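Consider the two complexes below, in which chain A is the common component and chain B and chain C are the respective partners.
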Partner chain A sequence: MKQTLTQSMAWLHTWGGLLFGWLLFAIFLTGSLAVFDQEIDHWMQPEIQQTSVSNAQAVEHAVAYLQRQHADASAWNISLPSERMPALRVTAGDRRSGISTYLDPLTGEPLVVRDTAGGTFFFRFHYSLSMPRNPGIWIVGLAAMAMLVALISGIIIHKKFFKEFFTFRPNKGQRSWLDAHNASAVLLLPFHLMITYTGLLIFALIYMPAALDSLYKGDFAAFYREHIDVMEEPHQAPTHPAPLTALAPLLAQAEARMGPLSGVVIEHPGRSDAHIEMRRVLGNRIALTKGHNMVFDGVTGELLAGPPELRPSVLAQRVMFGLHFAQFGGYPMRWLYFVCGLLSSAMIATGLVLFTVKRRRKYASESPLGQQLYRLVESLNVATIAGLVVACIGLLWLNRLLPVELAQRAGWEVRGFFALWLLSVLHAWLRPRLQAWREQLSLAAVLCLGLPLLSVFSDGQAWGDSMRLWLEVTVVALGLLLAWSVWRLHQPQVQHSERRVRHAQAQVN
Partner chain B sequence: MSKAAGTTQAWPICSRVLAGLLGGYVFTYALTAALAQLLPLDRVDALLIASLLSFTVYTLAILWAFAARSAWRAWAVVPAAAPLALIGFWPHLLERLA
Partner chain C sequence: MMTAFLGSLLLAYSSMLALCQGLERHYKQVWGRAPTLGLRRVLRLAGWLLLIASLWASAQAWGWAMGPVGWLGLLSLSGLLLAWLLPYTPRLAVYWPLAGLPVWGAAYLLAI
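== the complex of A and B ==
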């Protein structure tokens, strides 16, 4: 491998990009969808209506219900309705493993809500590929490193970096694919770098525990206690039953200090050692403030611990987390992240297509094994790019088509998602390349364009509320984009014949 | 370039991939530990700053493995890791010996 730097970087970019490109496309596309995870959750639970109630009223209903049904639970969790998620959900016991119930925020009556994978599925897939947590995040981390390496090696092999900023030569076959790949890569380079690097940082101490091993002998709990003022657990004094303090004044106090709230956690309700934690919405500031909340005494209502002041290094780390999670800045910022994420996915997709377009002419001269390998690459491209889009929109269809009373319904939605994706791999392998692209993209377009019809037939109404309207309008717009790409696939031949006709006319004249 | 990926080149390429992924990781691990020890800061701050920088180091180490002039030089990161690991885990070593 006696090569120049550019050549060796090009080799690394090409093969590293190809091997991890499929995985990266899936991670970036589901990550873009996860920007709207709660909105998709809401669309997938048509039993929940958009309502406007005050937090105090919602909490009152929630506490009344919990006192009635789960008076002896060790903890109560209340998720408050928000602009993004109009559901009031209560959980008795631990927040992850306890029994959850949805309540009507207006009346406090329990609602029967379908079991669904929800938009949360895209979020989980994005960081763990929906695998068991640890192997999942290691594979995603490896892919993120590959992305970083591909970005830097891509910059190195790019000689005319700023010139290509403005270069786009449409309808020129391979050159157009190259231009599209370069333009989307260069234009959004700061976004690609930021989102990849901050993504790695979220699990930095899992991927690279060197500093933790060196300074704390790998004891994460010791580091955690030191890096942020965590409230000491009080001594286990004998407890006795005691009534819960009024929550409305505490809500007002917490809202004044921290901004909008996302929920309330009550530890040991009905006992003298009760604690009330007021959790803030994550998007009040750029820094991700998960866990940095206010804690009150559950009997006296006295403030026990405020939101902790963060030391500068921790704040810097939290800002980087926040830049990745995109919870700040409201809907304008969310749309910006969504569009940038889709463009990143498109950049990866054009790179994958470019790989095959560049080599297509040489296929014929390859050995039979080489030809089969190229065919495999071509079909994996179809299945990862078009097939994943089919599976994603298919998940929304499954949400309405599977019977509501099906046992383990959320699990079946996820199985359906993977089954669709697997079928698309099979289809891409069996069909000729262009047909495979055309058919899968057409299917995705039809599923997107048909989504409003599906909700008319399944819910009896289209656009249940403004949030569902926005989601369906966005999906239809994406469907139009897919339909346009199908139409483009027919284009080269058309142009050819047009040119020939014009040429013929010129000769006649 | 696809010719370069032919069978005769398979071993040097495997060697570079391993040098980048594993050698690079070992080097990054050692450098991050050393940096955490050397930064004149509280240990919380030193840990966070060293960890934040580690992915830049790893990226450069992987690129080095492919940019190095010979497949042997690609592995230079591993001997370089030894003194860094010594700095990073010096206190642990002293404790062991005491």
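== the complex of A and C ==
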């Protein structure tokens, strides 16, 4: 192929971008929402109030409850109320599969809280597409590689990188879509490169297991224990009942060393081999400190281990995880990540739309199969971009509309999410292109703008606390943006003279 | 923290604005006439200095580890805001940071 580098990179960027663009839009949009996963969780559990109790008090209530109800569980897990998650939650048994109860932090009595998919659903969808863990992770990884390819090829083919750094020419049809795609891509390039690369790194040991296989025979648990885990080897001696030590001084000690705490895990409570693990809130530093906790003896209160000092290689890895997880820097940083993520999603969307805008004029000269394929691309654009937005805001609506006592409520919320998305795919295929865009974006705008009203009528206490208020204000702002886009779609479309059209098509960049 | 954050934001936008106005096509877009070479150089120099100031302010808000990360985010968003405002309201794109100064001043006085 006697092509220049620019021509082959342009081909790669166009077709790689198209094939993976829909998937990447979904990953970036749900990833942006996942930045506020705990805040969305909180909104979707209106039974929980924001309170301010000290950690010591919360732990006292939690232990008292666990003592009453689950005295002989193998482990107790206490999730402490924090700035982002005001709930006090206890789990008896394994943290993921044990029996969980929410407690009122003030009285210590159990709360009845609706079962919900929560904002955590967006987080899970973001890295596994709600598929079984391994296939999902592999597909997302493939999409991330495609994103890197699209970014690098995009840089190579963008000839006027610095000249058109700030260039945006609206109301010029295809030129404007290209400008929007270029501007949002180039100006956010540090973010795009960082988020894609660090995202790939998180599951690097799954994609490239050679080091793990050769050094640890593929045993990830052994690797983790050697480098990150703080637990000592368990007792071999027989155990007998022993009272649990006072927790308040241990809490104070852990807080002094590690900053705000997110939870306490008590293994073998009430026995002589009891261990108490203090877990810290993530975000004191960029490095992701998940699992880097302090462990105390449960009977004597003596510090057994932690927090671990990280070797440079592990620290480097953890910093890169941390850059992706965005738990550091407080709310200002979190908002920066959120807005950048939404703009990245928009960047991908402009690319997808640009593909169809460029080819729209050539429809008549295409073969019937070609025309059908372009029709498919157009409707997939609507279904992925507008349809996914409808499904996401729809999840919040379902959270309030589904009956609280419904069994497997969380599962029904997720089913509703996918049902909405599927309906939007069908709608996009059946309706003419412009109507499909207008109708789906209008629905999304209405659902967003109506969220505060839904909150009042479903809950009786609209903007009951500041976190829910912030969420609703943000959703309304996004709804206004969607409404503006619908208004734009009702404006007369830009008409071009034939000469201008040919000139525009000649420009790749 | 908010003082340093808002300061970094305003400085980031101003730096992007200065660098942008240092380009002939964008200076013409706002003011209707071509800039002299000297003015372009001054604007570009100012732009780079404001960029560094913005990084410093960001480090005041977040420390020197997280500061650069937040700084890059603020730069990108400022640049995008500028690129979006220029074709629609060029004068507003240039002058709104002046309105941002009182807000920064309030944050400074309230010491948040």
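Note that the second predicted complex is superposed on the first by the 477 of 509 C-alpha atoms of A that agree within 3 Å, B and C clash if a C-alpha of one lies under 4 Å from a C-alpha of the other, contacts with A are read in each partner's own complex, and residues count from 1 in each chain.
Note that in this section contacts are C-beta pairs under 8 Å (C-beta built on N, C-alpha and C of every residue); 3 or more make two chains touch, one makes a residue touch a chain.
In this text, all values refer to a predicted model and were calculated from it rather than measured experimentally.
A.B. asks: Once both complexes are superposed via chain A, do chain B and chain C end up clashing or fitting?
C.D. replies: fit
A.B. asks: Thinking of the overlay built on chain A, is A:Val314 touched by chain B (first), by chain C (second), by both, or by neither?
C.D. replies: So A:Val314 only meets chain B here.
A.B. asks: Return first, second, both or neither, reflecting whether A:Ser184 touches chain B, chain C, both chains, or no partner chain.
C.D. replies: After superposition on chain A, A:Ser184 lies in contact with chain C alone.
A.B. asks: Quick check for you: in the superposed arrangement, does A:Leu430 touch first (chain B), second (chain C), both or neither?
C.D. replies: neither
A.B. asks: Could you read off the angle at the CA centre of chain A, spanning the centres of chain B and chain C, to the nearest 10°?
C.D. replies: One gets 90 degrees for this angle.
A.B. asks: Just chain B (first), just chain C (second), both, or neither: which does A:Leu373 touch?
C.D. replies: Touch partners of A:Leu373: none, neither chain B nor chain C.
A.B. asks: After lining up the shared chain so the two structures overlap, which partner does A:Ala204 touch, if you call chain B first and chain C second: first, second, both or neither?
C.D. replies: first
A.B. asks: Going by the touch definition up top, name the partner, chain B or chain C, that contacts more of chain A.
C.D. replies: Looking at chain B versus chain C, the one contacting more residues of chain A is B.
A.B. asks: Going by the contact rule set out at the top, does A:Arg285 touch chain B (first), chain C (second), both, or neither?
C.D. replies: So A:Arg285 only meets chain C here.
A.B. asks: Minimum CA distance, chain B versus chain C, superposed model, integer angstrom?
C.D. replies: Closest C-alpha pair between chain B and chain C: 20 Å.
A.B. asks: Residues of chain A that sit at the chain B interface in one complex and at the chain C interface in the other, please.
C.D. replies: Touching chain B in the first complex and chain C in the second, no residue of chain A appears in both lists.
A.B. asks: For the complex, give me every residue of chain C touching chain A.
C.D. replies: 1-2, 5, 16, 20, 23, 25-26, 61-62, 65-66, 69-70, 72-77, 79-80, 82-84, 86-88
A.B. asks: Sort out for me which residues of chain A touch chain B in the complex.
C.D. replies: Chain A reaches chain B through residues 1-3, 5, 7-12, 14-15, 145, 148-149, 152-153, 156, 197, 200-201, 204-205, 207-208, 210-217, 223, 226-227, 311-314, 316-317, 320, 359, 362.
A.B. asks: Going by the contact rule at the top, pick out the chain B residues touching chain A in the complex.
C.D. replies: Its residues touching chain A are 1-2, 4-5, 9, 12-13, 16, 28-37, 41, 43-52, 54-55, 58-59, 62-63, 66-67, 69, 71, 88-89, 92.
A.B. asks: For the complex, give me every residue of chain A touching chain C.
C.D. replies: 163, 165-170, 183-184, 187-191, 285-286, 323, 328-330, 332-333, 336-337, 339-340, 343
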